[in-house]
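Right after this note come the structures.
One chain, subunit A, appears in both complexes that follow, with subunit B as partner in the first and subunit C in the second.
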Partner chain A sequence: MSENQDRPPGGEPPAVELVEVTKSFGDFNAVDSLSLDIGENQFFAVIGPSGCGKTTTLRMVGGFEEPTAGTIRLHGEDVTGKKPYQRPVNTVFQSYALFPHLTIFENVAFGLRRQGVESADVARRVGEMLELVQLSQVAKRKPRQLSGGQQQRVALARALVNHPRVLLLDEPLGALDLKLRKEMQIELKRIQQEVGITFVHVTHDQEEAMTMADTIAVMNRGHIERMGEPVEIYDDPRTPFVASFLGASNLMEGDIDGDVVVLAGGDRVRATPGALPNHGRVAIGVRPEKILLQPADEQPLHPNGLKGTVTDTSFIGVSTHYLVRTESAGELAVVVQNLDTRRFAPGTSVLLSWEPGHTFVVGG
Partner chain B sequence: MTATADRPARTEAAERAERRRRRVPYLLLAPGLLWLLVFYVIPMFQLGTTSLQEGTLETGYRFTGNVESWTSVFTTYLPQLRNSLLFAFGATAIGLLVAYPLAYAIAFYTGRWKGLFLSLLLVPLLVPFLLRTLAWRVILADQGVIVSTLQTLGILPDATGRLLSTGWAVLAGLIYNYLAFMTLPIYVALDKIEPRLLEAANDLYANPWTAFRKVTLPLSMPGVISGTLLTFIPAAGDYVNVDLLGNRTWTMMGNVIQSKFLVIVDYPAAAAISLTLMAIVVTMVVVYVRRVGTEELLQ
Partner chain C sequence: MKAKYIYRTLLGLGLVYLFLPVFIVVAFSFNDFQGRRNVSWEGFTLRHWAEPFSEPGLSGAVLNSITIALLSALISTILGTLIALALVRYRFKGRSSTNLLLFLPMATPEVVMGSSLLALFIVGQVGRGYWTILIGHILFNVSFAVVTVRARIVGLDDHYEEAAMDLYANEWQTFRRVTLPMIMPGVVAAYMLAFALSFDDFVITNFTSGSVLTFPVYVYGASRRGVPAQVNVLGTMIFGVMVLATAIFLVLQGRRERSSE
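Presenting the complex of A and B:
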């Protein structure tokens, strides 16, 4: 995956290529001059809050919406203006959209039959696909006789059986309960690796995106704010929006003094060398789980230390979440793994500290 | 140790509640069953016995087990039976061809004007059946716009060609009178179809026409079945349209029954003809529903 201009000359064209694509509904630009390349065999996730344009983007790739301006290419071929049934992509819809009057077998066979595949081949390929999603035993049933998770897998099989060059997934796990969703995330990733085709997955669930995707694009107000590997954009979100949408963040402001940021209360915080601009005001952040909590009378274990008072403690099993009021940076969230029995009650004075490398810059 | 052995005996209050609960469905069904008994089962039985009676209004009717009324249905009234079925089939088939696109347009293309179009469809029903049919006498009149237009176009022969008092007028009247009953169920079925299903069909290489054949049409079948039944059944028993728009050649079974009951006062014959028509219609409906849409109706 890369920005358009980074593509090596003469290389394979990307699986999906959007060039300055805009979609307007009246005065409102749902997608605003968006350019994007998605490489072959990628598991690509588009995330963002509702109304950010992610679903519209996906629907334009699928052919369900026509872009107001711009070009869409699939493997180098311009498909702008082509109807959905003329594009080599298939979609897994949010509500599955299974045909209620057809059996599971016929639902999966639908695309093959439309393409005129011989019926012996249809039977074989549908059989194989139902096996892949472990639903061979329900082939003769109707969709309404299946559970939500099973229907989801039928929707996936119905799309994949056509060997699309790109599979589009529109919040496919949104209707499932948490446990099933976790299982399906792993299942989807397994299937993607097994069939080896490009998946473009739209979701508002950042955890789901990070679990499955090779590359994540974070969308906000019709454009991409940040794109990269999950670890890369989690550790260096670059904008306040990405910092708080992708995971939780403690954001604070201060003045740059050399390679140190001086916070409001006078506390000095270090960042990764070279990460800070030369001078001026800057907004920085640190993830809650990167902060170490100690009693106030101990020596800080990490170079960046702030003093504070615990205002809220909530034990959630795998970890304990604290809110700590500091003079320099307001209220900070801290997540502590429950490795020892030491816990801080509200009102306790504590010391917060973290590695300079965990301080990220989100803008001036 | 079994579970039942340990279960404490049910209290008397629980027993009473249980008994009361079991009575509820019967109590709820009772008024309906009573209604059916008084106004359906008993009259049907009476109709059956009447058809086997003999006599005249003056001498009175007596049950003799005479089956002559029944044989007369098939010896004397076959043309009328044929007319009834012909008109019922014609009105249903042409009505479907008119109503389906109409329902489709209202369901998918009228947007926020949907309510207006639906009420336009229903407003004519506020006018009594008889008046609506009389209005068609004016529409199809010999001096009317339609007749003169058809004459100008050469579809109807000049001067002698007419529509009123022909079978076509009867057919037009029947189609018109039952159009709303055909359109509404189809509209309801179409309106329920999720747009996502059509997108899914498009996504799976179905062009719009194939998507219609493979998704929209099958999913609208419950509406088509209801609509055709709501047209076919009353049309088969109709007599008003022939009376007002047709002529003697097109007399239907309904007309025969009406005159036997009210004009000639031959109750046994009227009863036998009624029962025959009923039996034929029921048989046709059963065959039709079983062949076309058992599953849709069972859902």
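Presenting the complex of A and C:
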């Protein structure tokens, strides 16, 4: 893996390459002319609501679904039409699909045995892999005797032991409870860095994707709406869908006047210089945690200021969530860190303000 | 408390109802009767058990029944398993009509099926005998095998097979290493059911047997002149073997389920 870095950039084909891939079920295009490159050693997350085509995309890479049109390449090799067992990828299924009639050892050894690896090597590699996922002590048990988290790690070990060049993960943490899921997120990231192979991770949990992935693709209705590093696409989601799917957003509409957007009530909101189109109507947004809340009689601390009335206050420990009704932009969500004891009860008049740089544009 | 006693009494009566005939068969294998009719208790003897195969024709009939049951159960379980897999796993033209057709042999009265088979064999100029009995038994057993195995496959998540293929098992290895072991309880149950159905089938066998005798056909014929006690002896033996086989099956299944829990 390390030798790849010595090669000139662009010389190495991407680990996974989809070229105008379409998958239709009857009249419905689950995946619609999707093109995508996933680089070597990336932790790549595909997120989107159910039915957006993310699982279908992953299943086409694994070979469980054939694309209706388009080409799929793995490290430059065309694998379209090849059977799952002819592809150098392995999958961690959402249901784990551990073989209930085989022991944990035999589950992990399954792929090696099918490839004809010598049994001494099988024992060594399975042993090493069970150690990596810290399950050596349960090697002789059957899957059903293990907890959900342990089964999840067996599923991971069973895939990784084959040294796949790409590992596909289909909502692998979906069946775990919240605390275990958080632990496994860190664990998966550690393992990915340790084994250094490409992970393609499908999830509907945007927080999970942001925690683990180097690159996130947000899918909607069979195509990718936005792709990039987590910070980049969070701060600049570019479409209303991405803005509301990835985290929460306050979206508002207005008319462009120079480098200012004039909202319905006449309030003027600034955006990052150069981010706005020249003229016309525009939709902009701001994240709830970027807004500062002050009593109405104070001077705004940030250039973009709106007046409003608190309609709902909920304290959730690390922060307090407000809903504030404004004349210019309807109801806005505001998240305030609980740094001071000042809390605004519903009915209080308040001032909302934020930095122009936190205003993003989601479409004209 | 009262409801418990009523429940137990009803259960006891139900069991007596079920097992009284079996008990009579077993008891009369020890009956020291004189003459031809083994119908009233005349004293205890082991003489029938001393020579269970002495009755001419009976042993051959039992042997026919056993081999036909073993073979027809084997063939119909293999066919039934493959048909069940196809019906559950694949969408193909004629799938729903196949489903319907599979129920027909179960729904058709045996007399109708037996006489139709006879007509078919006569028209086709097929001599009746061992092989026509076998064909008839496979015919009605396949439906039961499909239904039994299918129930098991329906409960089987597709992801197991996908996972096997993902782990470099080709279609045959996937079937051999994953699908078959996982549906095995259904396959064994289908085999045992098919064996039992074949072994005691009389109606269809009587139409298709020609001059070949099976155990039920022999007993039917013998009942007119007096059933020899060897019938009770062999009947008891077969009953014992079936009980043993069922018990082994249940124990193994119980162990399998416990070990995978």
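Just a few scattered comments:
The rule is short, and it goes like this: the second predicted complex is superposed on the first by the 354 of 364 C-alpha atoms of A that agree within 3 Å, B and C clash if a C-alpha of one lies under 4 Å from a C-alpha of the other, contacts with A are read in each partner's own complex, and residues count from 1 in each chain.
Note that in this section a contact is a pair of C-beta atoms (placed from the backbone, for glycine too) under 8 Å apart; a residue touches a chain by one contact, two chains touch by 3 or more.
No experiment lies behind these values; they were computed from the predicted model shown.
Placing subunit B and subunit C on a common subunit A by superposition gives a clash between them.
Contacts of A:H279 after superposition on the shared chain: neither subunit B nor subunit C is touched.
In the superposition on chain A, A:R114 makes contact with both subunit B and subunit C. In the superposition on chain A, contact of A:R190 is made with neither subunit B nor subunit C. Of the two partner chains, neither subunit B nor subunit C is touched by A:R325.
In the superposition on chain A, contact of A:Q145 is made with subunit C only, not with subunit B. Residue contacts after overlaying the shared chain place A:G62 against subunit B and subunit C alike. With the contact threshold set out at the top, residues 62-64, 83-85, 89-91, 93, 95, 97-101, 110-111, 114-115, 158-159, 162 of subunit A are in contact with subunit B in one structure and with subunit C in the other. Subunit A contributes residues 62-64, 83-85, 89-91, 93, 95, 97-101, 110-111, 114-115, 158-159, 162 to its touches with subunit B in the complex. Against subunit A, the residues of subunit B that register as touching in their complex are 194, 196-197, 199-207, 210, 214-215, 218-219. Residues 62-64, 83-85, 89-91, 93, 95, 97-101, 110-111, 114-115, 142-145, 158-159, 162 of subunit A are the ones that touch subunit C when the two sit in their complex. Those residues of subunit C lying in contact with subunit A across their complex are 157, 159-160, 162-170, 173, 177-178, 181-182, 256, 259-261.
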